[in-house]
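I've put the structures underneath this note.
Shared between the two complexes below is chain A, which pairs with chain B and chain C, respectively.
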Partner chain A sequence: MPRVKIDGTEYEVEDGRTILQALDDLGLLMNGVDVPHYCWHPKLPVDGSCRLCQVEVDDIPKLQIACNTPIRDGMEVRTQSDRVADARRGVMELLLVNHPLDCPICDQAGECKLQDYAFDYGVKHARTRDPRRPAQKAVELGPEIVFDQERCILCRRCVRFCRDVTGTAELGVFQRGDESLLETFPGKPLDNAYSMNVADICPVGALTTRDFRFKIRVWFLDDVDSVCNQCSNGCNISAGRAHNNVYRFTPRRNDDVNDTWMCDAGRLSYPALREGRLETAQLRGRSVAFNEAVAAAGAALRETREAGGRIVGIGSPFAPNEDLFTLRELLGAVGAGPGLFSVPLGAGDDILIKPEKAPNAAGARALGFVESGDVGDAALAIVLGHAAAGDALSSVENVILIDTHDSALASRAMVALPARTFAERAGTFTNHAKRVQRFLPFLEPRFEAWAEGDILTRLAASAGLDTDAWDVNAVSKRLSQEVPAFEGIDLDSVGDRGLELR
Partner chain B sequence: MITTPQITGYLSEHYAADANHTLAGYERAGGFKAVKKALKMKPADVADLVKESGLRGRGGAGFVAGLKWTFMPEKSDRMKVLVCNADESEPGSFKDRLIMERGPFAILEGILIAAWATGAEKTFIYVRGEYALPIERLRAAVDEMRAQGYLGTKLFGKKGFDHEIVVHSGAGAYICGEETGLLESLEGKKGQPRKKPPFPAQYGAFGLPTTVNNVETFAHVPYIVDRGVEWFRGFGTERSPGTTLFGVSGHVERPGLFELPLGTPLRELIEHAGGCRGGRAIKAVIPGGVSMPVLPPSDLDVGMADELLTERGTHLGTGGIMVMDETTCMVRAACVISYFFRDESCGQCTQCREGTGWINKICRRIEAGRGSDDDLALLDSVPAMMEGGTICAFADAAAWPIQGLMRHFRADFEAHVREQKCPFPESFEL
Partner chain C sequence: MQPETRQKIEALFEQYPEKRGALLPAIYLVQAEQGWVSAEQAEALAELFDLKPIDVWEVLTFYNMFYTSPQGRHHVYVCTNLPCSLRGARGLLKQIEAHLGIRAGQTTEDGRVTLGHEECLGSCGTAPVLRVDGRYCENVDAQEARRLVDALE
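The block that comes next holds the complex of A and B.
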């Protein structure tokens, strides 16, 4: 492995890496070693055109771009010399020749690389007297992306994303020189399933999503680590939250799962966290207090057991591992067979989108749930989620439904109990590649709702079973000790990148 | 129509002959002797001979041609190719055009010799789109060679020596004369120079190992192989041997081409062109195409070889000399030059895209009588911000002429700012 000296410190790096890749691998890029860059992106082919990442390499007279300079053993790189700083100042000043200085009303303000690097390398007084390049405002490039042409610095990340990641190639830079303009090819709107990623990788305020544009200043948002629940890929996301509202999902980098991307459907799934919810406990279609519904359900469970009636448990591929484990424990305690579950299916692709439209089917399988809807002659069913329950339950006299969202089943069930979504509690999902990934709460429920496992535990207590209060961390620990596939895998140990099942 | 240089040398001595652009005419004048001689030598020895001759590329950068050939991988499981850069677009340069029109076979024979030396199996000749007659002549010449069995397989009876030549028309972009911009354009893409690495010798046309040489560079090769290194080095200077087709244009009495040894004094060339028009005094001379920094009259004694011009802060470039007389407004010259580069910048690199436009706006403002001392300071600093930091040399080519004008003719710019108008009423109009 080649050794390289960067600003006087020696590092060992992988073969065949460029200077920027090596810094990224080491976790030092813009995090200890500042090499500002626009066109380079860790998950896109090198472009080499913004010229901001120039550094001194060995005794080469010209500065070299760190994005396209492969590391050789014994190479010495200087990223902070006066010459480098001069070059950065020059590029920054030139980038601003045609860039509007309307930061106060720009949607990117606060997360703008042009602002950040101008803060570090900008000239203090503008030397331009000339009007900026004329350009169009609010161009609709596709259903989700709105483009403010005058802000574009022509880094072409978006062009490469559409050419090399999605393979759809809707975007190009047309014309030449200082008349260069980003546009879609005629008759080819930017409408691929991943189009909104271009807004993330746009270093400036040129590409915005219709969904998030001008909704809130980004500095009011906290980003909470979470995992998308729209398919079994489990893309790592950040939930942008303020005032107990979520304003956007953005992909969170995980090179083992989703690189730096997510699909548009996943990104736009957040309104469902608030819409169509089951907001009150139901007893035979009538709203009742939560505890009253739990008591009724507990009584039914106890009576069915005492009468020797068959009990069936139906898990959900939307429920976290910890809650499915609690259901498994409960089913064991009441002598029921393994829990059942089914997974909604849809279209997939070979980028990120998987056909299984739920986040935790692999977790359900690993916990012994069986893919079946056959409830047989069950007298009582404990059901997590309505999605796959369907008509199979029409023969069951007592349905105890624990669900995040309202449904026909909720009004038909004996008892329906409001559960928290993954946004309102911590837990883990196991993705299609058997990677267990953690999500953290970013919303407070606006009505009484509890995690599925918590409700199951209250139900068990009400039915007279011996239980402790439900705590996701304690359940996670017990799961990691009792289920071999989860050995050593719990809410703490998965970290923010996840761990694969044993 | 010009058919021959005003002064001829070994390259152009037969250009006046009507049949020189036909295979029969070229062979009558001794054509295709050199390639047969080269085929009796080992390929590496041919490359060495050309390297020893000191032949420097005639496209502007002046790199030693034989050395460039050795960058091609000796063994390659992919086809190796040559590219002949015939996208002559540098304002002030018009030599390759005549070579293609009057002496196409010397280029093609040079290509075959280079193909033998490098193991290339195919050559693309990328011709500037506006060059209708050169394209016609080259296509006709290639067809004649193919009919004669000089292209195809087992050429000149040499087993394993196969070659094909494709004449490709460009679409008129200056940047496609930059060798990797040319390769992109040849592949049907937007003409934008490629970042290096990889270099063309590893990843060139269609990803194949590629060597790119200028039209005139190829045309010298048969003469060097035929007549020898010592003969070739009898022309020109130690570091810049051989002749070249100097172009002289602008404010001279008889603009045209002159085949003379490298190192010929600039003053002598201008005299060959009849001197400055109307007996006026020379104000400035661009020595090698519009990218090269301008020289003042005090530098007319300089020899026209790159190493000598470098001492005067400029370069040989393509050897296209442009003379400006005493009436010329240097700010207007700056407007024209900076407009050209603004218009032709491909727009990839920040410094070039933004710098070329900014400089042009500043020059136009000064010429319009609205310039300030701040604008003069910008013309000092913006070219320096563009220089040396981009994918290709275009930004340098845009920066250098402005730096040259500011170095030698700052007084013109200052007068515009001081008087808030152009003080050269007799100058050419914008």
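The block that comes next holds the complex of A and C.
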């Protein structure tokens, strides 16, 4: 493996990497070694168009672009010399020649690389006398993306994304020289299942999503690590939260799962965290206090058990591993058979989107839940989530429903108990490739709701079962000790990138 | 795209190590059909070349001898690069604009002339230079320019 000296420190890097790739591999890029760059992106082919990443290499008289210079053994790279700083200043001045500098009304402000580098390397006053090139504002490139042509620095990241990641090739740079403009092919909008990623990778405020535009300044948001729950890929995401509200989902890089992307459907799924929720506990369709509903459900569970009636459990592929484990415990304790579940299906592709439209089907399977089974003559059913239950439950007299969202089943059930969404509690999902991934809470529930596992524990306690070892942390530990597939996997050990099931 | 154009393009493929190399001459052939290239024609070209339509459109708009909108019967282009500008090309362009009553980039109402400006024509020694229907006109002054333009049918 070649060795390279960067700013005086020696590193060993993989064969065939460019300087920027090597810095990225080492986790040093912009995180110890400051090599500003616009056009280079770790998940896109090299373009070499912005010229900002120039560095000194050995004794080569001209500066070299770090994004397209392969590392040779013994190479010496200097990223912080006066010459380099000078070059950056020159490039920045050119990039700003036609830029409107309308940061006060630009959504990118606060997370804009042009703003950051202009601050670091920019010249304070424009030396140009000619007017800025006129260009259009607020061009609708497609259903989700709005384009501010005058802010574009022509780095072609968005062009390469559409060519090389989605293969849809909607975007191109037309004309040439200082007349170059980013556009779509005449009459063909930017419309694909991943189109909103271009707003993330656009280093400036040229591409914005219609959804997030002008909603909030980004510096008011804190980003919480989470996992998308819209399909079994489990893309890693950041939830942008402020004032107990979520304003956007953005992809969080995980090279083993979603690189730096997510699909538009997943990104736009956050309003469901708020809309259509089951907000109060229900007893036969009547709103009651949470405790009262739990007590009624507990009593029914005890009576059914004592009378020898059949009890079934229906898990949900939307419920986290920990809660499914608790349901499994409960079903074991009352002598019910393995829990049932079913997974909503839809279209998939070979980029990210998977046909299973739930985040934890693999987790349910690993925990012994089965997809075929008959509710038939059951006297009582404990159900997580209405989606998986369908009409099969119409014959069951006593349904104890624990659900995040309201449904016809909630009003029909004997008891319906409001559960927290994945946004309101911590837990893990197991994705299609059997990777266990953690999500953290980013919202406080606005009404009384608890995690499914907590509700199940209270239910069991009220039915007179021994629930000493059922609290969340104990469950997470026991899950990793008692279920072989989860050996060594708990809320702490999965970290922020996930771990594969054994 | 007409079948004869397609045949001519397919015949071109053999002359290039890579099919893609024949794109420029192919665009000329398509443009000869109606004097400009439409989005539909660009898509047909893309299919023939196994390219994305956007690739063809990038090439088309990059070169200023290709047109993506209907053109006048004649083209008058004034070089406005530095040497020509130093020798009065910008003033010359303004005079032609006034004479024809249109701006650069437009076509006269009767469809006779499309006027434009372009970057270096490679004949700086004889600046200012005009390109009239693909023919170079050198050392042009206002009077000569008017004569050239008026001579176009």
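One rule holds in what follows: the second predicted complex is superposed on the first by the 497 of 502 C-alpha atoms of A that agree within 3 Å, B and C clash if a C-alpha of one lies under 4 Å from a C-alpha of the other, contacts with A are read in each partner's own complex, and residues count from 1 in each chain.
We take it that contacts are C-beta pairs under 8 Å (C-beta built on N, C-alpha and C of every residue); 3 or more make two chains touch, one makes a residue touch a chain.
No experiment lies behind these values; they were computed from the predicted model shown.
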Chain B and chain C placed together on chain A: clash or fit? clash
Per residue count on chain A, the busier partner among chain B and chain C is B
**Asked** Taking the superposition as given, does A:95 touch the first partner, chain B, the second, chain C, both, or neither?
**Response** first
(request) Look at A:171 in the shared chain and tell me whether it touches chain B only, chain C only, both, or neither; answer first, second, both or neither. (result) second
Please work out whether A:70 is in contact with chain B alone, chain C alone, both, or neither, and reply first, second, both or neither. first
**Message:** Output check: A:185 vs chain B and chain C. Expected answer is one of first, second, both, neither. What do you get?
**Reply:** second
Given the touch rule stated above, what does A:163 touch, chain B (first), chain C (second), both, or neither?
second
Inquiry  = Is A:46 touching anything from chain B or chain C once the two structures are fitted on A? First, second, both or neither.
reply    = first
Superposing both complexes on chain A puts chain B into chain C at one of 43-51, 61-69, 331-339 or 367-375, namely 331-339
Dual-contact residues of chain A, meaning touching chain B and chain C, are 173, 175-177
In the complex, chain A touches chain B at residues 46-52, 54, 62-63, 65, 68, 70, 87, 90-91, 93-95, 97-98, 127-130, 133, 153-154, 173, 175-180
Chain C partner, complex, touching residues on chain A are 163, 169-177, 184-188
In the complex, chain B touches chain A at residues 173, 175, 195, 197, 342-358, 361, 365, 374, 378, 384-386, 388-391
Touching chain A in the complex, chain C uses residues 39, 42, 52-55, 57-58, 61-62, 119
